[in-house]
Structures are given as C-alpha cells and as structure tokens.
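As written, the chains take the letters A, B, C, D, E, F and G, and residue 1 is the first residue of each chain.
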Amino acid sequence: MKVKPLGERLLIKPIIEEKKTAGGIVLPDAAKEKPMKAEIVEVGKLPEDCTLKVGDKVIYNKYSGTELKIDDEDYIIIDVNDILAKIEE
Amino acid sequence: MKVKPLGERLLIKPIIEEKKTAGGIVLPDAAKEKPMKAEIVEVGKLPEDCTLKVGDKVIYNKYSGTELKIDDEDYIIIDVNDILAKIEE
Amino acid sequence: MKVKPLGERLLIKPIIEEKKTAGGIVLPDAAKEKPMKAEIVEVGKLPEDCTLKVGDKVIYNKYSGTELKIDDEDYIIIDVNDILAKIEE
Amino acid sequence: MKVKPLGERLLIKPIIEEKKTAGGIVLPDAAKEKPMKAEIVEVGKLPEDCTLKVGDKVIYNKYSGTELKIDDEDYIIIDVNDILAKIEE
Amino acid sequence: MKVKPLGERLLIKPIIEEKKTAGGIVLPDAAKEKPMKAEIVEVGKLPEDCTLKVGDKVIYNKYSGTELKIDDEDYIIIDVNDILAKIEE
Amino acid sequence: MKVKPLGERLLIKPIIEEKKTAGGIVLPDAAKEKPMKAEIVEVGKLPEDCTLKVGDKVIYNKYSGTELKIDDEDYIIIDVNDILAKIEE
Amino acid sequence: MKVKPLGERLLIKPIIEEKKTAGGIVLPDAAKEKPMKAEIVEVGKLPEDCTLKVGDKVIYNKYSGTELKIDDEDYIIIDVNDILAKIEE
C-alpha cells in the first residue's frame, strides 16, 4: 500500500532511538518521551521554496500531525509548516 | 436516495478492516480504533487542482466531517481539506 | 406569519422520519438522534453560484443554525454554508 | 432619552407574546424561553444593501446583543448580522 | 494628570445613577448592576467617519475596556468599537 | 546590560506609587493592585505614526507583556498596541 | 549532528545563570524560574529586515518554542516573532 499525501503535507516515519541507562539497559527513547526525529517517506505538493525531499531527516512538532499505521508500522501525516528543522549530519 | 455534497465537500464511506487476534478471532478494526480509510462515493465542487474522484481510496482526518446514515449504512460528509492522503495500491 | 431570512441564510423545516422497532412500534427518528434532513422553506440572498431553492431536500449540520417556532411548528434558520448536501431522489 | 446606535448596529425592543396554558392561564412567552422577536426602534449606519428600517419586526439571535434599560423598559443593541430574518405578515 | 488615549481609544467616565427604593432609600445604580452610561473625557485618534467628541454621553459595552483610577476617580479606556450608541437627549 | 526590543515592542519600567493609609502608613500601590503606569526605557521599531519615545510615561494593559528582571529590577517588554494612553502632566 | 531550522525559525541555547543565595550557596537560575536569555546557534530563513545572527544574545518568550535535546544538551527551536529583544552589552 502506497500513501500519497495531499496538499502541503508529508508522510514521515518517526525514528526511535535507543538509550542505555547507567546500568547498561537499553531503553527505547519512547519510554522517556515522544520522539521528534523522523525520516521523510513521501511528499505531497510542497511550496516552491521548500527543499525538503524523501529521505531527509527532520525535527517535527510532536503535537502535530495525524498518526496512522501502514502494514503495522507507525507513520505520521504532517503539514510542512510543522517540520521545524532539517538534520544535516 | 442520492446525496450530492455541496461546495468543497465529499461523501465518503469508511472502510472497516477485519483483524485477527493472536487466537484467530476476527475483530473489526473499529473495535480497536476509529477507521481512517474511506472510499469516495460522491464529490461536490472540488478545487480545480484537486484530482480526487469517485472510487479513490483515501486517508481522512478521523476527527473531521459529519457522520450520516443512508439506507442504514454509515457515510461521512467531509471537507476536501480533511482528506490527508490518497492510497495508491 | 411569513419569515424571510436575511443575508446568506435559509429557513428550513426538519424532516422527522418514522422508524419501526423490531416489535413493530413506530418511533420518530428524533427519539434516537437529532434529524439532519430538512426541506427548504424560504431562502435569503444566496451566493450566485448556489442552486438551492425552495422545496429542495437537504442534509444540514445538526449543530448549526437557530431553532424557532412558527405557528407551533419547528423551523431552523441556518447559514447556507451549513447545508452539507442536497438530496437527489 | 434617545439612544442612537453607532456603526452597523440597531436598537430593538423584544416582543413578549402571551400564551394560554391548557387551563386557560395566560403566560408570557418569557416564562418558557427567551423571546426572539423584536421591533426595530432605531438604526445606526446600516450597510447599503440592507433594507431594514424602524418599525420592522425581526427574528434575532437570542444569544447576541447587549441588553439595556431605557426608562425602565428592556431594549437590545444588536449588530445587524445578528438579525436573522424579517417577519412579513 | 492628563491621560491621552492612544490609537482608536477613548477615555470615558462612567455615570452612576441614583435610584430610590420603594422605601425611599437612595441606592447608586452600581449596587444593582454595572453602569453602561459614560461621558467621553478624552479621545485618541478616532476613525474619520466617527463623530464622537468630548462631552458626548454614550452607552458602552460593560465587559470591555480597562478600568483605571485618576486622582481617585474611576475611568475607563475603551476601544471606539465598544461604544455601542450615543445618547441624544 | 542593555536590552533592545525587537519589532513593534517597547521596554517599560512600571512605576510603583506609594499610598498612605488612613493611619498614615505608607503602602506601595502593588499591595493593592498591579500598577498600570510605566516609563518607556527603550523602544523597538515603532510604527511611523507613533510618537512615543524614551522617557514618556504611559498607561499600559496590565495583563499584557512579558515581565523580566534586568540587574534585579523589574521591567516589561510589551507590544506597542498594549500601550493604552500617554500621561501628559 | 547539525540542526538547521526551517522557515522563520531559530535554534537557540538557553543561558542558565548562577545566583548566590544570602548564605552564599550557588543556585542555578532555573531553580527559581525558567530562563529567558539564550544565544542564537542557528538561523533559518529570517525576514529581510531582521538583523539577528548566530552568536547574538536574546530575550525570548519563555512559553514559546519547542524544546529539544541535541547531544544531551537543551536547545529550543523558536519562531523569530517570539524573540522579544536583543541583549547589547
């Protein structure tokens, strides 16, 4: 199933980071707080001056967007204005 | 009875997906969460750059739209801006 | 008494549908939920591209409009934007 | 004392209708619900395409406007957009 | 101390009216309800088509404006749009 | 430390006035209510038709602006639209 | 990891100031109240008439912006309109 966002929206996949506790136990980041990093999976019709593209890693506003499951994995459809920053590694 | 949406609205029919539990029991998706997939049944006067048409399957914002019953079946009249994505299979 | 809506408003008369229970008892629809069908009784000054006219049956947003009694019957004065769809039989 | 509304406002006087109960007792309408009929007493500077004038009877949005007493009688100063319909008898 | 309102604001002085109870006791109006009459004391930069001037008596929206004390007397700084009507005696 | 407001904002210093009680005890005004007078300390980029300048005394909307401490003294950064009046002595 | 803000946003790093209590104990400012000073770390696409740049120290609206951790340090992504003032030392 392929999901194509409409309008100025993107489909993003949250990135869950693992963290080790002091005692060495690995905890997914979500155990502490909602993740804010995601990878762009599909884009709708973005504004002309927007350079975001599939594969970019971004910081998004965690209280925005609509969560949905595709093939049992979590995705978010989000407005381009709720993408706060691009991660350049 | 035929219902023709007015303005930039669509008439959609939610798609209820069945799910099997670990023990093999079939549960409609609605037993867990509100469905977000629907098929377009009728369209009003959509914006010119909108390519949605009757028969398209879409993801919609589940907190939007107005539920109504037609011949004992559930439908939703929803604004085109609350259609988040198109499902391309 | 004749009531002429002002601006982009309409005067509509809700349609109460009767339903039979399993045991054959006739229940007005309102016993279950607020009706959403109505017939247009008077129109104000509607937008030029609006084709709604007196006698049309419509679906309206049940949380909108102002209820009033005329000669002991229930009517609603409602904005044209809260008429969601036209019923074409 | 004469009160001249400013801007697109009107001064209206609510019309209280008497009702007889089954037993013949006369009840003012207000004993049951807030009145919604009023007569226009003064007009401010109404929009050019507005034909409302002093003496017209109207239906108004009962949750709008500002109540005031003039010489111990109740009046309402209300925006022209909250006049829903004109009563033509 | 002279207070000159900025922008489309006015400085007004509420008018407290005395009322006699049945027993002849004089009660200021404020003992019953907030006053709504005021006299204009200073004006800011009012819109060109506004004819309000210092000394005019007006009806104002009692839930608007900012109360302040000048030399121990009560005044209100209020937006011109919250002046509902002019009192012409 | 010098704080330069950005945009249509001003830095103001609230003026606390002393009051004597009947018994002659001096009470700062703040013991009774929030002060509303202030002196302008710095200005940002005010609109062209705004004549406010450093040193002016003003009445401000006491529920607006952001309080901050500079060198242990209280200041407020406030939007020019929340300055209600100028005090001309 | 480098985070590049999108649109009219900035990445800022809050400045925590130490304070000594009367008894000489050093307390970080955050023990008393949320800090409001920050240094600009990265800028997005700011408006043309905005002179803010990386390294500037600013006062920001403490209830605005989105907190995030980068390499275990606290940062805020904030809209340029929520930067209230520039600190010029």
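Criterion: contacts are C-beta pairs under 8 Å (C-beta built on N, C-alpha and C of every residue); 3 or more make two chains touch, one makes a residue touch a chain.
Quick caveat: nothing in here was measured; it's all calculated off a predicted structure.
Steps from subunit A to subunit F, taking the shortest chain of touch contacts, total 2. Annotation: 44 Å between the Cα-based centres of subunit C and subunit E. As a whole-number value, the distance joining the C-alpha centres of subunit A and subunit E reads 55 Å.
Chain geometry summary: the mean Cα position of subunit E and that of subunit F are 24 Å apart. Counting partner chains per residue, subunit C has no residue touching two or more of them. The touch graph of the protein chains shown is a ring with every node of degree two.
From subunit D, proceeding by way of subunit E and on round the ring, the chains are encountered as D, E, F, G, A, B, C.
Considering their complex, residues 1-7, 9, 11, 44, 66, 68, 77 of subunit G touch subunit A. The part of subunit F that touches subunit E in the complex is made up of residues 36, 52, 59, 61-62, 81, 83-89.
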